[in-house]
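Listed after this line are the structures, all set down as structure tokens.
The two complexes that follow have chain A in common; it is paired with chain B in the first and with chain C in the second.
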Partner chain A sequence: MNYPNQKRVETFSIEINGRSCRAISGETVVDVARREGIEIPTLCHDTRLEPAGACRVCLVEVEGQRRLQPGCAWKVYPDMKVTTESGRIEKHRTILYSMYMADHQLDESGLPVETGNGNQLRELCKTIDPLPLEPVNAPRAGRPDDVNPYIEFNPDLCILCARCTRYCDEVEAVNAITLSNRGGETTIATAGNRGLLDTTCELCGGCIATCPTGALIEKKAPENLVTLQTEVTRSTCNFCGVGCQLDLHTHNDRVVKITSPEPGETVNDGNLCVKGRFAYDFIHHEDRITTPLVRGTDGELHPASWEQALTAVANGLKSVKDKYGADSLGFISSSRCTGEENYLMQKLSRAVFGTNNVHQCAAT
Partner chain B sequence: MTNSIDEIRDSELMFVIGSNTTEAHPIIAMEMKRARQRGAKLIVADPRKIWLAEMADLHLQLKPGTDVWLLSAMAHVIISEGLHDRDFIEANTEGFDAMAEKVAEYTPEKAEEITGVPAGDIRIAARLYATTKHAGIYYTLGITEHTHGTDNVYCLANLVLMTGHLGVRSAGMNPLRGQNNVQGANDAGATPIFYPGYQPVTDSKVREKFENAWGVGLSPDNGLNLNVMMKEMAAGKLKAVYVMGEDIVISEPNVTKVEVGLNQCEFVVCQEIFHNETTRFADVILPGACFAEKDGVFTNSDRRVQRVRKSVNPPGEAREDWKILCDVARSAGYPMPDYENAGEVFSEYASLTPKIAGISHQRLEENVSGLQWPCPDESHPGTPTLHVDGPMIGRAPFQVVDYRPSAELPDNEYPLVLSTGRTLYHYNSATQTRRDAGPVAKQRSNFIEMHRSDARKLDLKHGESVRVLSRRGEVEAEVWVSPRMRPGCIWMPMHFAESRANLLTNDAGDQVTGTGEYKVCAVRVEKLSNR
Partner chain C sequence: MQKPNANREKIIELLEHAGGVTEESVREVHQQTGIAEADIWGTGLFYTLLREPGKRIRLCDGLTCQMFGADSLANELTDAGKMVERVSCLGQCDLAPASLDENMELVTYAKHQTAISPPNEFAMNLAGEVDLTYSALAKVRAMDPEDVISALESSGLQGRGGAGFPAHFKWTSVRQQAATERYVICNADEAEPGTFKDRELMLRQTHKMLEGLAIAAYVIEAKEIYIYIRGEYTNEYRAIERALEESKDALKEYEFTIVKGHGAYICGEETALLESLEGKRGMPRLKPPYPTESGFRGKPSLIHNVETIACVPSIIHRGGDWFRALGKTEAGSKLYCISGHVVAPGVYELPLGVSLDELVEAAGGYVGNPIAFSPGGASSGFLPITERNLPLDYKHLADAGSMLGSAGVVVINDTVDMAKAAAWQLEFFERESCGQCAPCRIGTQYIRRQVDQFVQLGDPASLELTGDVGWEMEEGSICGLGMVAAKPLESARKHFPDAFKTRD
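Let's turn to the complex of A and B:
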């Protein structure tokens, strides 16, 4: 049987900007250039997706080719020669970025607007002196009536690179969103333009994460996220056992957004699910228990100081142990808590109270 | 997992059994989808036509609880057709002949009668699995949550060993852990028979090591597992419990009995972030911290130790749980060391645990993708794939397994089989996910999935309310008529406190592990009229 996953691998060298670079069969020009630290701009490129060559931002000169070619899709072959910076490429980028700007929401400074999820087009446009083109304002439809609580689409920031729809198809594989209509009316839509809750969408939010221009954003995030001073803390998701890495964005001692590290860095390869990305309201929920509680002689729970509560716990457990022996106690640890906490719980059970009756919640 | 999550994408074949991966482990499922799109074969064995079954080459829709028959019949085919790996068996295993003699009884034809899976499909699955090099088995609680859960796992291990799918990339035996730190909790010794790192409490040398480290004498007897603890509590023998971070009155099987036990307890401590069903029984509640509010490590399914970092403060008086546990120990008169931070706790734990001795918080700062144990010393890079040089200790034994039916089978009074589980949108007792708009918009309240032929018999329409009854209790839920189900079987999520699936489930436990039989119990469904 022939398995496409186990292809034979060949290495050879190619030349980029006159420099000899090691390349592996099956790689693209962008793959090799990135590894070598050579910058080629991209917008529609995502390492998790099949190359689309849609945005034309990564065009390079390939020796022997009459036209410029997309570096993200162009496969390497032995001894090929590539140029990534030239007058011709610079001219191409100026025209291309200017055309994108003519069909994009701009801010007072005339650049593509910044969003809470960044805008890579804005950064690219800073590198050129834009041509004076008439604004196009293509009539792309959004989904203003979509009541889903997490994902918002702003058609005025969309460059139709289709990263979101390809992600939905190739990675999450639910095909909830798609490119729809033709010409200037082309937009990102759902079947029948329904709200995402009425589609196969699983609310993973991968479309938001992959969007290069901030056309897709979190509805949950604060409106002023662009200007908000936030800190980012890398941590591990607290739901299932995959161990996805998260970046917790915090402001004023509150989590305001959760994102994944870049693809390729961690076990989740840039992906998150609906729970990991969005289900964080519980952290600051008003129902959180905020003070120790001790049951009084009236049978009700009453707020108590830590000292009172800790004494009550120690005395309660010790008196049962004295009366019935250590093995009349049971300690139920938690697979939701950290390794250190589980270590301490079994130490508490064994060393402090003298019983091996300790297990964790996932045991049954 | 013997292998790593990122190896899945390079698989040639994935055998997924008892795992609804797209819902329970969505990000691992993405790797499986990626492998599938690159041309890997996919075999799914599950009583339900789960999402992955739709994209599978072969869906073995077995009756719940008949896994031993299905897997032994696959072994039968592999051995009778000579597809087993004789060199690997010779070099690394023992007990092949006894096992081979046993599985000779499990013919695919007889298996078809018991499991409902066509004999031809069993043959195809066995041949594909045995003849593909990079073939991995992926399973989760659909395998283990049975009274014969350990037998199911033995059968899978037999398949892995007889085909030599061990120590090979994108192959192996891969239990997907259900919670963020199941692996880490077990590793850290939150188990009645092992100190940290699976060192037996009955081994006097090991015990001496821990007695010296902790400065006290320790009990030489195995403790009670959680399932037995719950039963002893109901029998009035376990008199006090300290419950940290679990809602046992939702999560344990046959919760009516658990409630009886909690009522009888003389003293109950809960360490929690929200009030839940269990805190109703508490004498003292200690307010803990959620993952965003503390430092430490979680260990994921592929044995990867990764950092949890504090990003915000706990609310009000609430404290980091590791600090609370130290304070409780000190209040009880034990001289718990003055750990400056969670990293120092980890250092003590690692110093007593050879498997993770080379891991420290400091090293985890430098390794952004974590470190996978075994990692015995500080220069060790961690171990992505286990058993590359054969079994770790001695020879791997084949197991002789006899099929035993599930503890409770359907009858005239309770004619349907109920399995329970998790959905994509909620998480276990759902104290976290039911406080977020998306999961609530997708799944507001409890439901059962039912095949249309069963729904027709009971004159039920999609969305109607029903009462589900077992010998242990009853709950109300909505009916979802679903093409995913087998006739005769229903499925219910475990997330809803006001309609607890575990009022119905059977607390009969696996003989070895005590794991409850959440996947098979007998129930009856009644229409709620005039509603």
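Let's turn to the complex of A and C:
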């Protein structure tokens, strides 16, 4: 699906580390390797994005190629022979990861710091015996004055894989963030280095989700998130009718973070909007209404059962219709309703009460 | 009909007209084009000439200019109250030190003029008469395109931009593509430190280049020709404009567009050049696909360096065998740039494969006691003067662990500290790295810092791991810049070990 120009689909075999693997034209080395359970590390790769081949972590040997080639971008062809483990690749990984470490914030143990969203670079660096390179102290600027409530960027953890900017462009078509400057000064910026609230950003937080090193992180999540014991519960977002799947991360029965299931797993393909990802404060809010309330003759709201509440609504509507006629009623359904629920609402309006005064708030 | 990304292609030029990148200019360009503000901002800030709006003197800090006192000149200018920005090689090494004034006009401080070969029988013949007849183009138009390619093949013409790739392969490859929308692109983004041959060619024999481009367009059946010229080449830009005016009739079937670069060495890399033409940050693309298959606007594109394409009319006139026989060890004559410690720096056209001694003889001899030379720009590293008899061609230099590259030869005598010379070159690569891939982005920073530390403290321990980092830069970088960026240090350490011993 990522390769619309591929005209004919052919299957053939390629060899990875001497093992014969089935491959389909248009696939990359990483596509095939992952399906076969062969591990090729990646950092800048996201199945939703065009391959960038920028992090260089996935370099492999391809027979006939003098240079190492990026497995995430290298297209398969029949009888191709790939090697993913060799002395040369091990040396490449050792030095490359060491170089990343010279350009990254490290913890006391000398590894790239852990973050609330993990840090894939840290995991990779655990697999090598790093060279003690002196830090390069790249002049990579952040946006410390950005007051947006949700998304934080820490340039000291950024590896410039550009997943966030490519996501913002290729998936969201929002283009709020960009690679900026050049060389060691390259950073993730907004136009005029403005805060995200003053850009086209919709605060969907997809940049956080795709960031492999935790350089982009939820401002709301507790700092010690990684050490908290959290449970994950799959749920459906009820802010609209799309049916995005959510993973609620809870600690002591309180939601501390929301993420999407992995790309490719559910209808939302790893994406969420600002509401689904960040608007969970209502869940534990003290003002949240947790039971139906019916206004009594004393003018105050009183807790009631659903039975009592629905009866009160039905009686009220019927009495208005009896007194002023059906067209004195209007029905407006919420944008949070599904298509089926909206259908039922117009059925209620037209068939039960006999009026065409029906609308849905997202329609205007 | 407007091209789908026509607005994106305009943004860099619009930013230039607006005086560079500011919040206001970005908003303005956004309103004119509909391109996202962030994209305009990020693209603009990639290019040195757009990054800091405002007028200033741009003073070269390339190797030769540094050898001829650019640092002290910078101090003098600053003391005189001028605003001075140090910039990468301006391609005026023969007139070092060099600068651009506040209006981007060239100001050089050498006491001599550029020297060039006297009129000769070679392919470029820079000092020769200008041929305005466009008779090679007329001849080609009566020929089968395949015969033109055969002539190129028998000439043995290799790409003169640096890679030395046989030219005819590209022409054949473009002709084999199914897509009929095709482009000819001239790479006039000459920015390799030590190199200024295309500069003289554009100033003196512009029509050879234009005629070569038109011949290429005829053969690959393209209508549009783009010339991407570095933004610092103000005089050369005007020379091309003038030549296009002079040859309006002869070239009327082709649509020429001159596009200015804006201060990014990497845009001389052909896929970065394409990105820049498309209004993007000049970050090299992954290859394959190659530009002959998917180039400008994703269409088959034939990209040649100025000198390569300018060889074509002579090959058509006098035949491939004639051209091949001009060379000594490889085919053709070649423009060699020579600067540094020689008597008459300039551009000399000589048989491809002459030795350094032969080249320097043409340039009036050595100045002082030469110890080293850089045969093909910063990317080629350094060779010891003991290699003075090595043929300066693609193969021999590659075998010696160096390269002919753009044939920007710099001669260095014993007044220069080789560790410092390496540091100057590394500073260039650090500044010009596009930042896209980690090996180059981090590697150029790392090795430059370590060499600076060595020059300051004199402790060779600073350099202990630079070899490993250099290995990874060569193995792991996306493009040629990262692959060669450690070369100056690596070659200087190999050939001049004494310069890297403990210092007091």
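What we mean here is this: the second predicted complex is superposed on the first by the 282 of 364 C-alpha atoms of A that agree within 3 Å, B and C clash if a C-alpha of one lies under 4 Å from a C-alpha of the other, contacts with A are read in each partner's own complex, and residues count from 1 in each chain.
In this section, a contact is a pair of C-beta atoms (placed from the backbone, for glycine too) under 8 Å apart; a residue touches a chain by one contact, two chains touch by 3 or more.
For clarity, every value in this text was computed on a predicted model and none was experimentally measured.
Student: For A:W306, decide between first (touching chain B), second (touching chain C), both and neither.
Tutor: First partner only, chain B.
Student: Determine, under the contact definition given at the top, whether A:N175 touches first (chain B), second (chain C), both, or neither.
Tutor: second
Student: Which chain, chain B or chain C, ends up touching more residues of chain A in the combined arrangement?
Tutor: For chain A, the partner with the higher number of touched residues is B.
Student: So in the superposed three-chain picture, is A:N268 touching just chain B, just chain C, both, or none of them (first/second/both/neither)?
Tutor: It touches chain B, and chain C stays clear.
Student: Please indicate which partner A:C21 is in contact with in the superposed arrangement: first for chain B, second for chain C, both, or neither.
Tutor: Neither partner.
Student: In the superposed arrangement, does A:L131 touch chain B (first), chain C (second), both or neither?
Tutor: In the superposition, A:L131 touches chain C alone.
Student: Who does A:T250 touch here: chain B (first), chain C (second), both, or neither?
Tutor: Touch status of A:T250: first partner only.
Student: On the A-aligned overlay, A:A191 touches which partner chain: chain B = first, chain C = second, or both, or neither?
Tutor: In the superposition, A:A191 touches chain C alone.
Student: Which of the two partners, first being chain B and second being chain C, lies in contact with A:A141: first, second, both, or neither?
Tutor: In the superposed model, A:A141 contacts neither chain B nor chain C.
Student: Where on chain A do the contacts with chain B and the contacts with chain C coincide?
Tutor: none
Student: In the complex formed with chain B, which residues of chain A make contact?
Tutor: 1, 3-6, 48, 148-150, 170-173, 197, 202-204, 231, 233-245, 248, 250, 253-255, 261, 265-269, 271-276, 278-285, 287-295, 301, 306, 309-314, 316-321, 323-324, 326-364
Student: So in the complex, which bits of chain C are touching chain A?
Tutor: Interface residues on the chain C side: 23, 26-27, 30, 36-43, 45-46, 51, 264, 281, 286, 430-439, 441-446, 449-450, 465, 468-469, 471-472, 475-478.
Student: Quick check: in the complex, which residue numbers of chain A touch chain C?
Tutor: 51, 53-56, 59, 67-68, 70, 73, 88, 91-92, 95-96, 99-100, 102-103, 131-134, 136, 138, 159-160, 162, 165, 169, 175-186, 189-192, 194, 199-200
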